[in-house]
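Next up, some structures in structure tokens.
After this come two complexes, each holding subunit A, first together with subunit B and then together with subunit C.
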Partner chain A sequence: MNLIAQTLADGLVLGGIYALAAVGFSLIFGVLHVINLSHGILVLLGAYLALIFSTTLHIDPLLTMPMVMVVLFAVGYVYQRFLIQQAVDRSPLGSMLLTFGVALMLQNIMIWVFSPDMRNITPTYAFTSFKLGPIAFDAVRVSCLLASLVLLSCLAALLKFSPLGRVIRATAQQTLAARLCGVNVRHVYALTFAVSAAFAGAAGIVIGIILPFSPADEGTWTLNAFVVVVLGGVGSPAGALIGGLLLGIVSTLTAQYIGPSFPNVTMFLLLVLLLLVRPQGLLGNAFAPSR
Partner chain B sequence: MVHSKKATRRRVMANFGVALGAAALGAPAIRPAHAQVKTLVIGGSVPLTGAAAETGLNVNNGYITAVSYINDVLGGVEIAGEKYKIDLKLFDDASDPARATTLIQRQIDEGTNFFLGSFGSNIVLPTAAITERAKKPMVQTGGGSDAIFTRGYKFVFGMFPRATRQFAATAAMFKSLQPLPSTYSVIWTNDAFSKTAAEGVRLSCDAAGFKRIDGYELPAKPTDVSSVLGSVRATTPDLLVCVMHDQNSLLVARQMVATNTNVKLLFQGLGPQLASFREALGKHSEYLCCSTYWDENVPFKDKFFGDSKKFVEYYKTKFTRPIAYHVAGAAACIETYILAMQAAKSTNPEAVRDALAAANYETFYSRIKFTPEGDGDELLMGGMIGQVQKGKLEIVFPAAAASAKPLYPAPDWDKKA
Partner chain C sequence: MKQYPWAVPAIIVVCAIVLAAGPLVLPPFYVRVGQLMLYSSGLAVAWAILGGFAGYGSFGHAAFIGVGAFAAGLVEERFSSLPTPLLLPLGLIVGGLACAVLSAAVAYPILRLRGTFFAIAMLGVCHVCAELNNNLDVLQGSLGLNFPAITPTGWDPANFFYQLYLAAGTIVLLIAWQIRRSRFGAGLLSIREDEDTARMLGVPTERYKRIAFVVSAVLTGLLGVIYGHSLGYITTDSVYRDDTNLSLVVYSLLGGMGTLFGPVIGAFMLVFITQVVLARLLDFHLFATGLLLVVLVLAAPGGVLGFVRSYRLRRRSTAAAPAE
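This part shows the complex of A and B:
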């Protein structure tokens, strides 16, 4: 019984982190209909920036989050407005190819700038653990899970209650109607991408704290985000959270009860099953009802 | 504007003509000076990007250090009475076996006769198959998988024993510990190197009489090992052996500390050798053990550099990157080629291959002697065991090369902090 509880707890912690890492990807897919294959690069950029800020300013890596998010917000805005939008205007597949190319280029630039060596962010509480009854928790993973939940809640509130969120939702649901109402759709697309990039950067900090990272890891985080979005549904923090938690729990249960080498097998089996049975994901497309 | 363009084009053509003329006139004067020094092309690919780039860069730097020293400091090498300078033609294979095979095939088509290895058995294995088919030697320090050395290849040579033989020295070290450990578990990842290394751990430890409690295979890129560590806590082996790449080793070590998963000794094949790894774990890296194939204090004499210390000195004039044993192994590949060519008195690939097969040379890296299958001699080129003690990696086995005694058993993680 303890083992099941411990496995579920580990799965929830891991799933929360997967969810945060995927939410930006989900939002871009839902609003812009762009599969951002450079998502993993944005995540890693967040990790590297957090490493730089935390070591130069001697502050806790989680406290670098506002700075990292501001930088990635700016990067995301410029990237979408001046590169991705150009590709979207020319062909529907163009954006996917463009983001793939950018991911390759940026990975090599990262190797050049940061070296191919593995890095990791080590906060003062990196090796602390605590117990709740018989279940042991890794403090750093739990703090990262809490940060993920807070950020996902903030994004959900932003989309639901803020004027920017209303405009993003309106643009995603009825682009033409939004345009007729005077919404600058290109600006909204760029803002959406910027918000998503900022959240990818925040996820990078969390990932950098719990896992060693190097430029070669970018593909892993793009792929994970893709799986989470397919499982949970497109466009909403809730979908990302459901998908992430499901992925985390399936991974740890598989590792515990089938074998540690099988999480990827069950993960992709689940992906295939869901694509066959419910291709829109568990929560569906958050912006679909009004389309 | 048009006139200006024409004038520019004319000027360019005129300059080009002058340059051609100068080259034609100058060439005969230059040719005799170059005729005395021949060029020896050595090709290959290395992973400078992608998953294996971290160690790939070390291998690349090792090749460059040796070639630069031979060309720039020694002015070349003499083979069969003729002076040669080495032309290193290495390309980035991006840690991709498919790309590596294309690059190697192209170099063979272009006439390259000698090859260096990439890093990672998954790349070395298919590229070795190509060089073998073309009967061109490959000397490499990046592939230890048994599959490379058990297919009857005659032209492929490795700078360390095959993976299943690499753990013999470690098992011998385990046997020397007091109190004698009795049980072990092993963790590996789902890739060619780790799987064969884990097989080697099982063979060597079982032969040494240790009782295996469990074996755990992780995905190639694990993100969480809590379930495995839960089992380790439940079964508490004396020795936990992790054979995987350094990034994954760090994940395991960090989660072991955070979940207070204690064993009497943690051995991590790759990881503790790196300063960055030790820094990431801080005091928790104390007592961790690992394999290393070279240390700058090894006592071997070298025909080119003199000894290991001089090699390190020269390396530091070229690179700021911390030195690792892969750098030394890669430089030794170049030296091995030169020594074999000098022994063969030829640069014919098949003659050099025969000389490599008969090699018995001392280099700053180790004494170089290959088995009939091409991997490094188990005793002469087998690993040494390092242990982190007071933040430094000390050699604790074999006794002849040891700079410190092994510390065992390790205290619990919370006591290290």
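This part shows the complex of A and C:
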């Protein structure tokens, strides 16, 4: 019983992080209809930036979040405005391949700059843990989960209440109508991408604290984001959260009860099952843009 | 070409005969490069039957290379007492069957997805196959699998596999040509242009997609069987390769998406660039491939053939224009 509870708790913590890592991917797909295969690279960029900032400034890695998010916001804006915009609306495969090409180039650059070795970020409270009843939580994971939840709520609030959020939602629903109402769609696209990149960077920090990372990991994070989005439904933080938690729980349960070497198998069996039963994702309308 | 329906296969066969003389004049290194070019263009054409004609670009076709190679290898290991000339046909049958079964099984859920979702779901299929192959001990994925030597006595293995790839590539190309000009092929093109309208007009889109998927998978698997033999020893990592998944897309993109010869041109070009031009710059490979992708998408989204075609159209329209 304890084992199940502990596994579920670990799964929830992991799921919160998956959700945070996927939300930017989901937003870009929902608004721009672009599958951003360089998403994993943006996540890793966040992790490496946090590593650099926290070691040079001697501060807690979670405190580097504002800086990392600002840098990635700028990177995302420029990247979308000057590269991806050229391929948006031309063909879905084209924009996907463009982001893949960028991902390959950046991965190679990361290997040159940071070496292909595994790195990790270690905060001062790395090895403290506390117990809640019979279930053990370590401080790092809990603080990371909290950070994820806070960030996801912030994004949800941003989309729901702020003027920027309203414009983004309008563009996602009806690009043409939004344009007719005076929305500068290109600017909104770039801002959406920038927000997504900033959240990918924030996710990178959290991931860097919990797990070791290397430039070769980018594919894993892109793929995870894709699965989360398909499971949860596209375009909303709530969908990402549901999908992320589901994926987290499933992967920890698999690792515990079936074997640690089968994460992808259960993940994709779940995906295929869901596609058969509920092709639009648990929340929302995952495939509206793909149909 | 319309008035000479047999010109295309004639060109293919003549080219194949010319290429067959390659190993006689080329130095050994270039025979290997030639092998890779022919293998890649065979794969590219097989991929394009689904990805180019029907517009369902798959990002996980390496799954079928792996499944074909491993199925063939495992069976050939069990029946290694058979006479050598029978081994390759046996492997081809088993590998092809395995791919047919796998693709028919995943076709139903996977083909419900479209566009990029289909592409990435196929990547998932590839990863799942690789993981199962690696972790189930019966399949010997992590341990590795030896293939029996099938080169007839008196042949140079490099030359033998070169001719094998050439024959396979030619057959795949002829099959693609036959599909392209058939009713089935026209149906696939209509799926690419507008699937819902095609369905409304009475094209059996579901059946056509599924058949194209299985045909493409089986042809890929057969090439995978030959590939396994030419390597001699395979592990999971050497056949389920993500760079193959990517390259298959790039070949069509580079040569011209949806055309018959585009994938072949693309495969020859990309293999030449990576194997000959960039041969000494291994650290640079990822970057160069990425850069090539970016430049292609931005500058020549129609590939080489698309570029040639638009150039011809422009010339024809300027030639017709002076009347005005």
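Here is the rule we go by: the second predicted complex is superposed on the first by the 283 of 291 C-alpha atoms of A that agree within 3 Å, B and C clash if a C-alpha of one lies under 4 Å from a C-alpha of the other, contacts with A are read in each partner's own complex, and residues count from 1 in each chain.
The rule we apply is simple: a contact is a pair of C-beta atoms (placed from the backbone, for glycine too) under 8 Å apart; a residue touches a chain by one contact, two chains touch by 3 or more.
Predicted, not measured: the structure shown is a model, and the values here were computed from it.
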| item | value |
| --- | --- |
| First (subunit B), second (subunit C), both or neither touched by A:V250 | neither |
| Touched partner set for A:I41, first subunit B, second subunit C, both or neither | neither |
| Which of subunit B and subunit C A:A172 touches, first, second, both or neither | neither |
| Touched partner set for A:G259, first subunit B, second subunit C, both or neither | both |
| Which of subunit B and subunit C A:N108 touches, first, second, both or neither | both |
| Partner chain(s) touched by A:F268 [first = subunit B, second = subunit C, both, neither] | second |
| First, second, both or neither for A:Q6, with subunit B first and subunit C second | first |
| First, second, both or neither for A:T122, with subunit B first and subunit C second | first |
| Footprint overlap on subunit A, comparing subunit B with subunit C | 107-108, 111, 259, 261, 264 |
| For the subunit A and subunit B complex, residues of the former touching the latter | 3, 6-7, 10, 14, 107-108, 111, 115-120, 122, 126-129, 136, 138-141, 211-212, 214-217, 220, 251-252, 255-256, 259-261, 263-264 |
| For the subunit B and subunit A complex, residues of the former touching the latter | 48-51, 53-54, 56-57, 95, 190, 216-219, 221-228, 230, 246-247, 250-251, 254-255, 257-260, 276, 280, 282, 284, 321, 413, 417 |
| Interface residues, subunit C side, partner subunit A - complex | 57, 106, 109-110, 112-117, 119-121, 123-125, 127-128, 131-132, 134-135, 242, 246, 249-250, 253, 257, 283-287, 289-294, 296-298, 301 |
| Residue ranges of subunit A touching subunit C (in the complex, touch as defined) | 35, 83, 86-87, 90-98, 100-109, 111-112, 219, 223, 226-227, 230, 259, 261-262, 264-265, 267-269, 271-272, 275-276, 279, 287, 290-291 |
